[in-house]
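Paired with chain B in one complex and with chain C in the other, chain A is shared by the two complexes that follow.
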Partner chain A sequence: MLKTVKDFVNHGDLRRFRFWLQLLLFILFIYGGYAAIQLGDNLPTFSCTYVDGKPGTCFLVPLQHRMVTTPEKLFSYAGMAILTGLFYFTLWFLVFNKAWCGYACPLGTIQDWITALRKKLGFQYVTYSWEQFKKLKKIKYALLLLLIFIPMGIGSGIFSHDMGVPFCMICPARTILPIFSGDFSQLTIDFSSKTKMIMTSLGMLITGIFLVGAFVKKRFFCFFCPMSALHYLLSKPALLKLKKDGSKCTKCGDCYSVCDMQIKDIADDVESRNILRDDCIMCFKCVSACPEEGALEVDFMGQPIFEATVQGYIKRMQKGNKSG
Partner chain B sequence: MMNMLIRKIIQGFLLGMLFVSNLSASETYWLSDIAPTKEQAKKMRPSHGGLVIRGRDGYIKKLWLRKGNEILNSSYVSQSEMPLVLVTPESQQSEIVFGNKAFADVSFKMPEEGFYNLFLIDRQIKDGVLQESVIKNESLNHSCRTGHDHTKEKMPPLYFDGVTFDLVRERLPRETFHTHMGSGDIINYRVMLNGKPVGGASVTMVTHKGWSKTVKTNPEGRASFEMIRDYYPAWHEFKKRNMETFLVIAEYHSVDGGVYEGENYEGVHYKATSAGNYYPSTRDYASYAYGLLIGLFGLTASIFFIYFHRKRRAGVYKEKRLA
Partner chain C sequence: MDNELPVEEKKVAFNRTHQAIEAERMLRRIKDDFPDNPDAMDYFYDLYEQVYCEGRPLYDTEKVVGTMCVQVPDELIYAAGGVPVRLCNGFYADDQVGAEFMPAKSCSLVKATLGMLDNKSTLPFVNKVKDVVLPATCDQKRKAGSMISEMGYEVHNMEVPPVKESEEARLYWRRSVHNFAASLKEITGKKITKTSLKEALAMVAEAQKAYRTLHALRKEAPSIFLGKDAFMVTNAYFFDKIENWTAAVNKLNAELEQRKEEKFSAAQRRAPRILFTGSPPIFPNIKLPVLIEQSGGVIVADETCSSNRMLYDMVAVDEWNVESMVASIADNYLKPCTCPIFTKNDDRKRKLIHMAKEFGVDGVVYQAFSGCQVYQMEHSSIAKALQAEGIPMLFVESDYSPDDMGQLSTRIEAFIESLKAKRRRKR
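Coming up: the complex of A and B.
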């Protein structure tokens, strides 16, 4: 019985499963609030606070809000509020690890849909060179630091209160996701102050770049996402893991060629058991593309739930050939 | 069920009150969070629910009793011995009194999230008519630090059946604890008499600069107003957080006679006041045209960048010869 279930999963069509799960979670994170679903304010994904029907709020919003305080308060009750939020965020995160990015994030799903459109239109995608990759991947950590220190600067009176939630101001989720519930109000420039004008202009500029970027580069924004950086800092004790058995790897490079995030280690590193890297979105396309029995596997609490198999690989390849 | 409980509590309270009125029946009184002096104004800080004092344990609301039916010309009452009833978002009620240091002011802590309702009720007979005045204030307490899970359930307006004549502000569509009422918004009030909506009551809206409009309530007790724009500063002085006050006055005359404190009356004149705050409309300072223009610029610039980047990389191979 267990073997039948295992075979069903290992030989299954991950692409179709992911498409439907992403669609379902997209609906949940855009319209769930209308169905009275409430998941709290500390979600480890872009459940955008600007969306009217949100079922909960992205953790980066309360984090930025709570950091708007003086250093004295930060080390007293305000610090407690931040720690409490971080605790709930960690609880959510520990279960699904970075699969929040690959399966749940509505902005990630939109990028996948834009990629699908590009494929249909027959445009070639772009990739970063290794040098570019190494430089660009640091941006998300810089953004994470800025979204912590700018609110502290607001609290200390260094920056204007109009900076508000600085990352949200430039995040394309703020401008794009509310459109799905009929709210276009975030597509405006706020002229009420210089700071607001600059921040909202930057937000719209990044939205334009995002749309083109996501069209030509798979998961374009995830590369710069500070939520992804925060995830990686907490990913070690997570229950869901991506593991590699280097002794079974032939370095064929199939896993690297399907990776939306261009993670080289997935093919090159034959030493590490835990192969999760900071840019990984845990989409598990690498596992489904691996032709070596047991070379890559997805574990939940130490139990393999999806692993690379020869039969699964052949089945998926045949399906891929049929569908063109 | 909750309303019944509140009704009983407030009725019990009101019956037990000894009304020592120092209010003039012919005047309009209302509660305002605008401080009378600059020194006091310095202590007030903006919050999601108007002006508050930030205390160690949370926000403290401070209100002043004012006389007059124009915002800018209303005077501050110097003293009042009348008790007030405070109802918390969790429906706990308590009696509070005015401070009366320099002005009749009242302060209360707001430890709970949601809407606090404060009532001052005055009854007196004048020319054989019972004059019943309800001076109401509804104050929101919200801090984003406490999260937003609980906010939706606390949004609906509360109807206090125990208050004979009540003026209840209905919520704006999609109103949240973060919503500011703005110029151009349609705001609805319901007038309730003995817990039931009353049609034909006259409701007057007075804005900060003195514009006023009077309408009659429909059979559902509802009166609607569109907040007008009355903030026209020079552009460099424009402040989107410029808070202005509006005052709503509801009046209704009933011919039902009776006896109040041993004195006969031939009819009752009900009057309720409630003040609120409003801000400039986002339409005054937000532009879709510029937003879309900048978005389009980002989009076009990215397309050109990628096009030329690809063209450069796919350049024609040129053989290099060594000298």
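Coming up: the complex of A and C.
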């Protein structure tokens, strides 16, 4: 019985499963609020606060708000609020780890849809060179630091209050996601002050870059996402894990070939057991493209829930070849 | 006097050559010295009989493209409307002819391949070859290129990086493969298209799927299949029509499944299980595998470029357009390759150790052709890695000449005996 279930999962069509789950979660994170779903303010994904029907709020919003404070307050009650928020954020995060990116994030899903459109139109995607990759991947940490320190600067009077929630101002989720509930109001430049004008212009510019970028590069934005950086800092104790058994790996590079995030370690590192890297979005395409029994696996609380198998690999490739 | 005869007159029917006799002799040993060969092996025995003994042609109007190493992607040749045939050769008679091209202490395989290509009456599928794709792998293959081109063949070099771990190597090789894919149009007259490449990928994947099933069936203990037959099967992939080959392997797999259910034993129940690695056994030079199995061992797995290394690793594609398919193919032909020409051999060690465990191996036999420096140089590091895991290894230096048979069989028998003794001590 257990074996039948296992085989069903391991030989299943991950692409289809992921497509439907992503669609379902997209609907949840855009319209869930209308169905009175409330998941709180500390979600580890872009459940954008500017969306009317949001079922909860992206943790980066309260984080930026709460950081607008003075250092004295930060080490008293304001600090407590931040820690409580971080606690709930961590609880949410620890269960699903970075699968929030690969399955739940509405902005991620949109990028996958743009990729699907590009594929249909027959355009080839671009990749970064290894040098570019190494440099660009640091940007997300810089953004994470900025979205913490700029609000602190506001609190200390260094920056204007018009700089409030600085990351949201440049985040493409703010401009794009509300469109899905018919709200185009974020697609404007705010001329009420110089700072706001600069920030919203920057937001518009980045939205444009996002749309073009996602068309030519798979999961273009995730590379720079400060949420992804924050995730990675907390990912070690998470319950959902991506594991590799290097002794079974032939380094054939099939996993790397299908990786949207160009993570080389997935193929080349045969030492690490935990093979999650900071750019990983836990989409598990690598596991589904691995032809070595058990070389890659998805674990939940130490139990394998999705393993690489030859049979599953062959089935999925045959299907891809026929429909791709 | 002989030299003055026009070339055409030197041509003799293949079945009257030394090669045909050599092939006949080995085929008899493989077939007749062993009882209980699977019925499905008849396809392969007959194939060798027809091609290697009788010299009957396999191909008619197809554009046959010769390849010299496992790094040449078959998928691309099929996609361009050609048929790849591996030219690596195992005839002692050709080895002797080839000696005039290479220093005396060179690798038999390279010499035999040169001798075969120089020969005017050779294997029927080789006779049709005009284009030879030669990846710049070891020194000897590399230098053989210019000699082959002097013989009148069109040689297409593929540049192989000497290091395979770096990003530079990946990009360099991707470019080599990309250029090769583009140049195939000049060889076959057909351009690779998305559809043709997808079909080629599916066809090769089907063959690999059949191979993997066979490979997995060899894990059975006691063994249901002998290694000498496994080498015959994979070696046939060098030249057989791929769809026929796949069908024949699937038929063999079905028979072996039957054997598995019947708890059939192809060798003695307690026969030491051997993992074969190193220089590739290529028909008719199957003498070492045959000696091992005649001495009471059974080869359950191998790590050689005439078998596992050629067929095991399968290409995965994310987006099925020509560019990404070619990139995936390129990575797959370089990154997992355990050819000893590369600087490091960590992958080979890991693969051997994993295979030894997976297949319940008692000992490893490492064949190195005399003159194959790279395999000889890797010998001690592989021996050490295996020793650390408690896996005994026998290093055998050999060539294509039949002279060392006596000496070899003594050493192999001793090794097999020692493995048996070790097993008894364990119990």
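In the analysis below, the second predicted complex is superposed on the first by the 323 of 324 C-alpha atoms of A that agree within 3 Å, B and C clash if a C-alpha of one lies under 4 Å from a C-alpha of the other, contacts with A are read in each partner's own complex, and residues count from 1 in each chain.
In this section, a contact is a pair of C-beta atoms (placed from the backbone, for glycine too) under 8 Å apart; a residue touches a chain by one contact, two chains touch by 3 or more.
A quick note: this is a predicted structure, and the numbers were derived from the prediction, not measured.
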**Message:** According to the stated criteria, A:268 is in contact with first (chain B), second (chain C), both, or neither; which is it?
**Reply:** second
**Request:** Check the residue A:187 against both partner chains and state whether it touches chain B (first), chain C (second), both, or neither.
**Result:** first
**Request:** Determine, under the contact definition given at the top, whether A:285 touches first (chain B), second (chain C), both, or neither.
**Result:** second
**Asked** Can A:71 be said to touch chain B (first), chain C (second), both, or neither?
**Response** neither
**Prompt:** Where does A:237 make contact in the superposed view: on chain B (first), on chain C (second), on both, or on neither?
**Reply:** neither
**Message:** Under the stated touch criterion, which partner chain does A:258 make contact with: chain B (first), chain C (second), both, or neither?
**Reply:** second
**Request:** Mind listing the chain A positions that touch chain B in their complex?
**Result:** 38, 40-41, 52, 57, 62, 65-66, 78, 81, 126, 175, 184-185, 187-193, 200-201, 204-209, 211-213, 216
**Message:** Under the stated contact criterion, what part of chain C meets chain A in this complex?
**Reply:** 165, 167, 198, 201-202, 205, 209, 212, 216, 312-321, 323-324, 327-328, 331-332, 335-336, 347, 350-351, 353-354
**Item:** chain A-touching residues of chain B, taken from the complex the two chains share
**Value:** 144-145, 147-149, 152, 174, 238-240, 282, 285-288, 290-292, 294-303, 306, 310
**Message:** Taking the touch rule as given, give the residues of chain A at its contact with chain C in the complex, in rising order.
**Reply:** 119, 122, 124-125, 130, 246-258, 264, 267-268, 270, 285, 289-291, 310, 313-314, 317-318, 320-321, 324
